[in-house]
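One chain, subunit A, links the two complexes that follow: it is found with subunit B in the first and with subunit C in the second.
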Partner chain A sequence: MRSLPTGQYLPGHSFLHQLDARVKILGLFLLMAAVIGASSVQGYVLVLMVVAICIQLSRLPLRCVFASVRRVCWFLLVIWLMNALFFAAEDALFSWGIFQLSRGGMRQGFRVVSNVVLILLLGNLLTMTTLPTQVTTALESLIKPLKLIGVPTEEVAMIISVAIQFIPTLMEEAELIKMAQIARGARFESKKLAERAASFLPLVVPIFISAFRRAEELALAMEARGYRNAKNRTKRKKEPLERHDYGALAVCALICLVQFLLR
Partner chain B sequence: MLVTGKNISFTYDFGGAAFALQDVDITIAQGEFVAILGCNGSGKSTLVKHFNALLQLQQGALKVAQIDVGNTEEIWLLRRLCGMVFQNPDNQFVSSVVEEDIAFGLENYEVPRGEFPARVRSALALVEMDGYEKRAPNSLSGGQKQRVALAGVLALEPEIIIFDEATAMLDPSGRQEVVKIMHKLHKTGKTIIAITHYVEETVAADKIILMHQGRVLACGHPRAILTDLDLMKKAELIPPLPVRLYYDLQQAGVNLSNCPLTNEEFVEAICQFRSKT
Partner chain C sequence: MSKMSSVKRSMLTAVCIGLCVVLPMAFHSIPNAGSILLPMHIPVLLCGLICGWSFGLLCGLAGPLLSSLLTGMPPMAYLPSMLVELAAYGLVCGLMINLVHTKKLYADLYISLVVALIAGRIVAGVARALIFAAGRYSMAAWITSYFVTSWPGLVIQLIFIPAIVVALMKARLIPERYPVR
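Then we have the complex of A and B:
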């Protein structure tokens, strides 16, 4: 059964699809700052509303937008538990050895998990509404000033763009390796957290080996199709920002400002 | 001749004695469909990676489309003229959108952006994937992915197309799709070099280059190569089923008029035999 696309571009004509990629990247950073900066209930209500509006504006199927969150839900649970059990707080509900469950810890866990989920959703919205070449061109344009200090900006943009496109492939590969290990008796479903964490370690080495092998083959395929460097390529025509792009950027900046005023 | 190579030797183990290629001579004419056949580790892929200078020539001489592959100044022209489709389609995509992936090669050769849509469309039409421009490559079947990878090569309008075990990772129907496209492209005048260890895929080639342990064991028409049991055994390959059946029947006292290469030829030979008896 084919899994739902995770963060992959889905064609569309929504407001988010039409926004300039540079604005979407800058907007993502501003909204990420707003998410991280949220410290009160009002702050979280604000960012939750913003993310909900963004999802609405993208007109993407909800199950696709939330697919990546579902994939990492176990990881999120581990993060929450780590915070809930190891956070040093005075209002401990019970303690056992090094573990100390506290209201403060649980709150901290919810905060961290909410931040990760919201940032993941925002990142997903960017990649699902923006063509990979638009991301590359936008990144190239945004990091251009780094050229002054000798950073090969075109290459960096190309690396980021190719890396984004390989995420679903590597996730599929990880799933296959996991299945192969389950078939040979590995247990990933243990209820004990330590056992569960340890069982994932044998996945890391084959995934890394596979990623390096894939990278080598991709490099060869790129060379065979005439890739020399990111400079000697057909240039994209730079589109000027339109009124709605400036408007979207201003709204993101305003949300960020309001969030910091709410602190 | 489009490809001429003399005494090509190559080792991955610098200073060592393990040769991946040893004294290989090769000639391929314009418009030919050449199958390079051999078991794993026979040097097939190593040989063809010299054709577009993905591997540097260590010993010998090789010219492809009048270009000396050792001439680093013409390497980019060489790679445009000599396209290559690799084994694993997933490891060839640079974009998550079909049309952008096909345009990757065009961008590398600084083709004006205005020409992109037409060239992407015509490349997709050649591989019978019209209308797939906006699709994500990883939502396609294995055979479709490999056809998109091929479209990425075709967009550059190469003279030679190398299929480096391009069917090895596909299911039977995917393999059939890709083989059908190979023959279709051959009919349009392209020179096709197909590397494979599936003997059935070489039957319709103009010429087979049989390789074993880095050397060329034999070179000739498929009928001469695939029906020679000793040669096939030496190459550690199993002849096509009709050939095996022909020899099994011969041992059982049934002598067919000639050795068939395909199922159709086998049926015909059996019918002829029945009408005689």
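Then we have the complex of A and C:
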């Protein structure tokens, strides 16, 4: 529990690392739309090439990039099998009771699984090349238009950045409480699933109490220092987008457009 | 629970969002804990009950988003439907606790919780049927994924959430709903 399982930021100086976080988030959405919009072989070849180029541009170890896919591979196999065996198609190759293996089903399963894998990889590339604080700042900047409908965007961004800063503290706290429960006889490593699940339940209430105590202390400290709301906060520096950021965004938009033209 | 300052509500929401990332990680040694024990739902429902609908909604949106960005759980492909579900939990929980005043703390909590749990599941099911899995989603799949697979999580939520609220009140970390005069 001490380390984040997958998708954790890995420092680097690659092209993707240097891109602005706002561009990476917008680019992710555009490429996700391109993946979801793929319906032909050419469409899938295009998105596959794009994801491969992005992985190459990130200069991240392939083992780390594919770690999350490896973790869910059994789950993906189940999804593929369910689509292949239950998809109602007329071209059944084999049928036995309620199971009907068909070409249409296998194709549908392949589409669903490849969409999940590609989106997973793109999401991983974003989180592995962007610091959480950069993601927060980018989100703050991207949700600014919501101000027009009365959403307090500064407060939302402040809450998210405090939440990110709380995560390591909460993880440590959870680990401490876990140790304390082990000392009292909890069996977190038991081979019996029900016993292992039950041993986690006594963690819940103490984790919440200690987390809320920390929140109370922080709120008191902030109020004591005169903090009222995030509306009037100013930024130390503003980072405008550079030429390569605009270029990357334009390429993502172009890929999305080509994908929809290929349909 | 309405006598908290805006700063305190913000900080409690931040902690709940943080717990949306940490709790599933604490449970991750149990296979399929996410879909069976639903650890991410607990902070969202609590946030709605304690801080109100707007903060509950924010926690329901930001919690899974941040968890997906930082830990890859839930995977990006399942994130949109989960965002809708958790946002509905936080929103409805907060609205219900403001509406229901039976003068009995447990009755208020259980009514709000049960209505939110049902409303969230309906909203998520409708969203999947109409948007995220249009044409490929059935009633049987909805009942299986939201009630059959996740019944242990539902029981945990119904037992633990009121207990946590009462424990927080006793520890004076949140104000009493019906203070004894």
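We adopt the following convention: the second predicted complex is superposed on the first by the 171 of 263 C-alpha atoms of A that agree within 3 Å, B and C clash if a C-alpha of one lies under 4 Å from a C-alpha of the other, contacts with A are read in each partner's own complex, and residues count from 1 in each chain.
As a working rule, a residue touches a chain if its C-beta (ideal position, glycine included) is under 8 Å from a C-beta of that chain, and two chains touch if they have at least 3 such contacts.
Just so we're clear, the structure is a prediction, and the values are computed from it rather than from any experiment.
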item	value
Of subunit B and subunit C, the chain that contacts the larger number of subunit A residues	C
Partner chain(s) touched by A:260 [first = subunit B, second = subunit C, both, neither]	neither
Which superposed partner A:133 touches (first subunit B, second subunit C, both, neither)	first
Contacts of A:8 with subunit B and subunit C, given as first, second, both or neither	both
Touching partner for A:29 - first (subunit B), second (subunit C), both, neither	neither
Touching partner for A:226 - first (subunit B), second (subunit C), both, neither	first
Contacts of A:246 with subunit B and subunit C, given as first, second, both or neither	neither
Subunit A residues contacted in one complex by subunit B, in the other by subunit C	5, 8, 132, 162, 164, 214, 218, 222-223, 227-228
Complex contact set, residues of subunit B against subunit A	52, 54, 76, 79-80, 83-84, 86, 88, 90-97, 100, 103-113, 134, 136, 138-139, 149, 152-153, 156
Residue ranges of subunit A in contact with subunit C within the complex	1, 4-8, 32, 68, 71-72, 115-116, 119-120, 122-124, 126-127, 132, 135, 155-156, 158-160, 162-164, 166-167, 170-171, 174, 178, 188, 193, 196-197, 200-201, 203-205, 207-209, 211-216, 218-219, 222-223, 227-229
Residue ranges of subunit C in contact with subunit A within the complex	5-8, 10-15, 17-19, 21-23, 25-31, 33, 37, 42-43, 46, 58, 62, 66, 68-73, 75-77, 152, 156, 160, 163-164, 167-168, 171, 173-174
Contact footprint of subunit B on subunit A as seen in their complex	2, 5, 8-9, 11, 131-133, 161-162, 164-165, 168-169, 172, 214, 217-218, 220-228, 232-234, 236-237
